[in-house]
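For reference, the structures are reproduced in the following blocks.
What follows is chain A paired twice: with chain B in the first complex and chain C in the second.
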Partner chain A sequence: MANLKELSKKGKTLASGHRACAGCTFPIILRQVLAAADTPLVCGSATGCMEVTTTIFPYTSWKTPFIHSAFENAAATISGVEAAYSSLTRQGKYDKEVKFITFGGDGGTYDIGLQSLSGAMERGHNMLYVCYNNEAYMNTGIQRSSATPKGAETTTTPIGKARQGKQQYKKDLTAIMVAHNIPYVAQAAPSHWNDLITKVQKALAVDGPAFINVLMPCRLGWSFQPQYGMQMARDAVNSCYWPLYEVENGVYKINSKPKEKLPIAEFLKKQTKFRHMFKPGNEDKLADLQAEVDRRWEALLKREAMG
Partner chain B sequence: MATDVKSKKDVEEKKEPGWKDLPIGGLIEKPGTSEAYKTGDWRTQRPVWDSEKCINCLICWIYCPDSAVIVEDGKVKGIDLDHCKGCGICAQECPPKCKAYTMVNESEFRGK
Partner chain C sequence: MKGNEALVRGAIAAECRAFFGYPITPQNEVPEYMSQYMPDAGGVFIQAESEVAAINMVYGAASAGIRAMTSSSSPGVSLKMEGLSYIAGAQLPCVVANVQRGGPGLGNIAPAQGDYFQAVKGGGHGDYRLLVLAPWSVQEMHDLTVLAFNLADKYRNPAMILSDAIIGQMLEAVELPDKVENCIPQKPWAANGAKGRGRNYITSLYIAPETLERINLDIQAKYRQARKHEVRYQEFMVDDADIVLVAYGCMARICRTAMKLSREKGCKVGLFRPISLFPFPSERLAELAAAGKRFMVVELSAGQMVEDVRLSVNGAAEVDFYGRLGGIVPSPVEIMEQVVR
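Right, the complex of A and B next:
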């Protein structure tokens, strides 16, 4: 359980003056993740909005040691730092406790960085990987990624006569990470700050690799007014589109079960990238997406019941 | 106040550091230097915070993307207008029972 008054005593964990869009939600995720840690951190990041906006030379918004590596090797880089740290500790040359976190967007995690992430998790480094998932390559101008939901309009899946939006369902990366049998895997959203901070604290406490997939509403790519970022994340959770759950040593726990499931249409209609779904003749597309969300939610409930 | 330029040397001394003066590998040696970069001029709407209505729940602080809500000893002290980009998340997320924030067009403050 996190307490905002206690957390606020840590001061600014992320410096102001970064160049993210007004109303961007990754700095919110980043501030919550950094505030959760009680030990010194070493952070890394794949290429993406987070790296591009917070580390424009000669400015940096980071207050921890920070390493930027390429799109594909954020997990490999920080796993190397962790390996060096544990070697020095074993040799008795360093005795302070340090934790390692690396960040990647959905492009750098779901697509390009998947091999290095999978390798780092399999090798069992004591690190946390946080994916800030805005469901497309937003930094380069909104191209589809494997995290983009079915039907979403991007610049590479435009709305035309033959095809309308992305044709495939999104990949379930959290499930892939669960299949690595690592000690801690979770899905979170910045709107549920207490849940996210608790998850980061749990992830940092485990001995071994941990992965947290955080939904990040993108005001540019999803196209909504800047003040609604947290509302969008909340709707995603309440519609079961983005379930909040954690898997500790293979045991599933759902952290938020909406009393009344918000219809997916309520979540989608606020985003311009889904506007074609509400045109006459596209009712089946909406029903299809709702059915897929329901199917994944039911599957999750079954996994939780199995223990 | 402009100083008199007497020789070429006076100008050259004021030049920006060259590439040889940069740290190797483009390292940034101090933390949080972006504080010096003001993003407040991006703003089209300004959040006006009312200390009377505020219940210090700090929801605005945890949701502010620009770390622009100033908090001291667990209490909100105001908005850092040098860095606030005016997204309005604070006004949107402030609990409905207190509504301590109002968004006002930046043009209202012009010349003040």
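Right, the complex of A and C next:
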């Protein structure tokens, strides 16, 4: 369990002065992840908002060694770094304990980076991959990704007469990572900081690869007032739209079960990308999304009951 | 409208009915406008999961005989190179737009012309070329895209629009003709249903060296035809010029102003603008060299097109070079000072 007092003693893990939007929630996620580590870290990142806004050369917000190469290969790049560490350790040239974390947005993880992520997980590198998932390509101007929810308006899934927003449900990447049979997989949200930090500590403690999918409300792409980022994340969890759960060596555990499930409409109506869903005649679209959220939640409950 | 929108309008007018996109700055408006216009035109817009996927979707769509297209910017175009080599090998027509940005690597999102070699010399593996057109205005983003589709069909070869962040993002007035000239030939080679005819094979795999050599010679013969018929360029005040600036795309616009400034200083300067970068207007440059002109090539690169200019004049004229890198765009005065010096 993380303790706020102790965490505050760690100082700033990510330097201020980066160029993320006011109200952006990834710096909060990043600080929680970095604060969870007790050993020195080497971090990597795919191309995306996080990389672009925190590493404007010659400036950097990172206090750890940091590596970035391209969009599709964050997992491969950190695999190489981890392999170099293994090599140095085996040669007896280095004996300190170092952990490796790499970050990718949903575009760089669900879409173009899936191949390199899958490869790294299957090979079993000792690394943690954190997906900061804001459900679209925000850095390039809000284009749809396979993490974008059904119905959402993006710049490549516009609202028209024939079609309104994205036509497909979002991909369940966390389940795909579970199918890799790696030691640790989890979903988290920055609103539940204690849960997120505990998950990072567990992920770093396992011998082998780990994956954490963190929902990242994006004030630009989701279009909400900058002070509401954490509230958006909380609503996502409380509506069971974004369940917090972990899979440790194949065993499922749901970390937050809302006593009263928030209707999905309460979560969606605060985001302009769903405003068309609330127009007369679109009641079925809203009901469809609610049904899909319910279906996935029920399936998760059943899966947890199986152990 | 924006250059990137004009490109989309040109493609729709050219009866492109399948577009496969992926986000990358500074070409994002292309997939964004495509996602709006393509369904209205009765075509298909698909956002792929990567540039690699997008170019291979183009391979699939072009195989069926329809006009297909993808677009990207420098790093994303690098990812498309394998697919482009296969498309050229399988002799399929398609159009690829590259709205160039600074490189190498991640570079930046500022205008650059560092992809000339990649575009003009093939880029991927094997002996192939792209038919490369370089627009210098928003109007040409539209017009050359139509032409690119016609050339791709005519030569059954991928064509590239080599643009840049300035032309892609720039706003200019555009005349959209009611109807464009679409030369869409019959495509008896297409895999569009074999009823009543023999099977069509679309492949770039030829295990027997003799067969592969013959296919390669066929492809090279097409490029010889293109060199004969498809050279395009524009000249400004070249006749009395002592020095001819050679530039393409956004640099040609800046050089035109530099030319005027130089003339005000009493320097007889002209401008030669290649529109087709492959085939390159080598013969005309050789003529100008024979007429005693000196050349100064100006690029947003460390010097790429200058090599083709030097090959063209083959030692018959002096060829100077001025380039800026990293997304820095020289001013007309800066170029004028280079010329006058």
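The criterion applied here is as follows: the second predicted complex is superposed on the first by the 307 of 307 C-alpha atoms of A that agree within 3 Å, B and C clash if a C-alpha of one lies under 4 Å from a C-alpha of the other, contacts with A are read in each partner's own complex, and residues count from 1 in each chain.
Here, contacts are C-beta pairs under 8 Å (C-beta built on N, C-alpha and C of every residue); 3 or more make two chains touch, one makes a residue touch a chain.
Keep in mind it's a predicted model, so treat the numbers as computed, not measured.
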Next on the checklist: Touch test for A:Tyr228: chain B only (first), chain C only (second), both, or neither?
Outcome noted: first
Checklist entry - Is A:Leu114 touching the first partner chain B, the second partner chain C, both, or neither of them? => result second
Checklist entry - More residues of chain A are touched by which partner: chain B or chain C? => result B
Checklist entry - Is A:Gln167 in contact with chain B, with chain C, with both, or with neither (first, second, both, neither)? => result neither
Checklist entry - Between chain B (first) and chain C (second), which does A:His18 come into contact with in this model arrangement: first, second, both, or neither? => result first
Checklist entry - Which of the two partners, first being chain B and second being chain C, lies in contact with A:Asn249: first, second, both, or neither? => result neither
Item to check | First (chain B), second (chain C), both or neither touched by A:Thr47 | outcome: second
Checklist entry - Which partner does A:Ala70 reach: the first (chain B), the second (chain C), both, or neither? => result second
Next on the checklist: On the A-aligned overlay, A:Ser86 touches which partner chain: chain B = first, chain C = second, or both, or neither?
Outcome noted: neither
Item to check | Residues of chain A contacting chain B in one complex and chain C in the other | outcome: none
Next on the checklist: Quick check on the complex: what are the chain C residues that touch chain A?
Outcome noted: 21-25, 28, 31-32, 35-36, 39, 45, 47, 49-51, 75, 79, 105-106
Item to check | Residue ranges of chain A touching chain C (in the complex, touch as defined) | outcome: 47, 68-72, 107, 111-112, 114, 137, 139-141, 143-144, 146, 155-158, 160, 162-163
Item to check | In the complex with chain A, residue positions of chain B that touch it | outcome: 26, 28, 30-39, 42-43, 57-59, 61-68, 71, 74, 80, 82-83, 85-89, 91-93, 103
Next on the checklist: List the residues on chain A that touch chain B in their complex, please.
Outcome noted: 4-5, 7-9, 12-28, 31-32, 54-64, 190, 193, 225-231
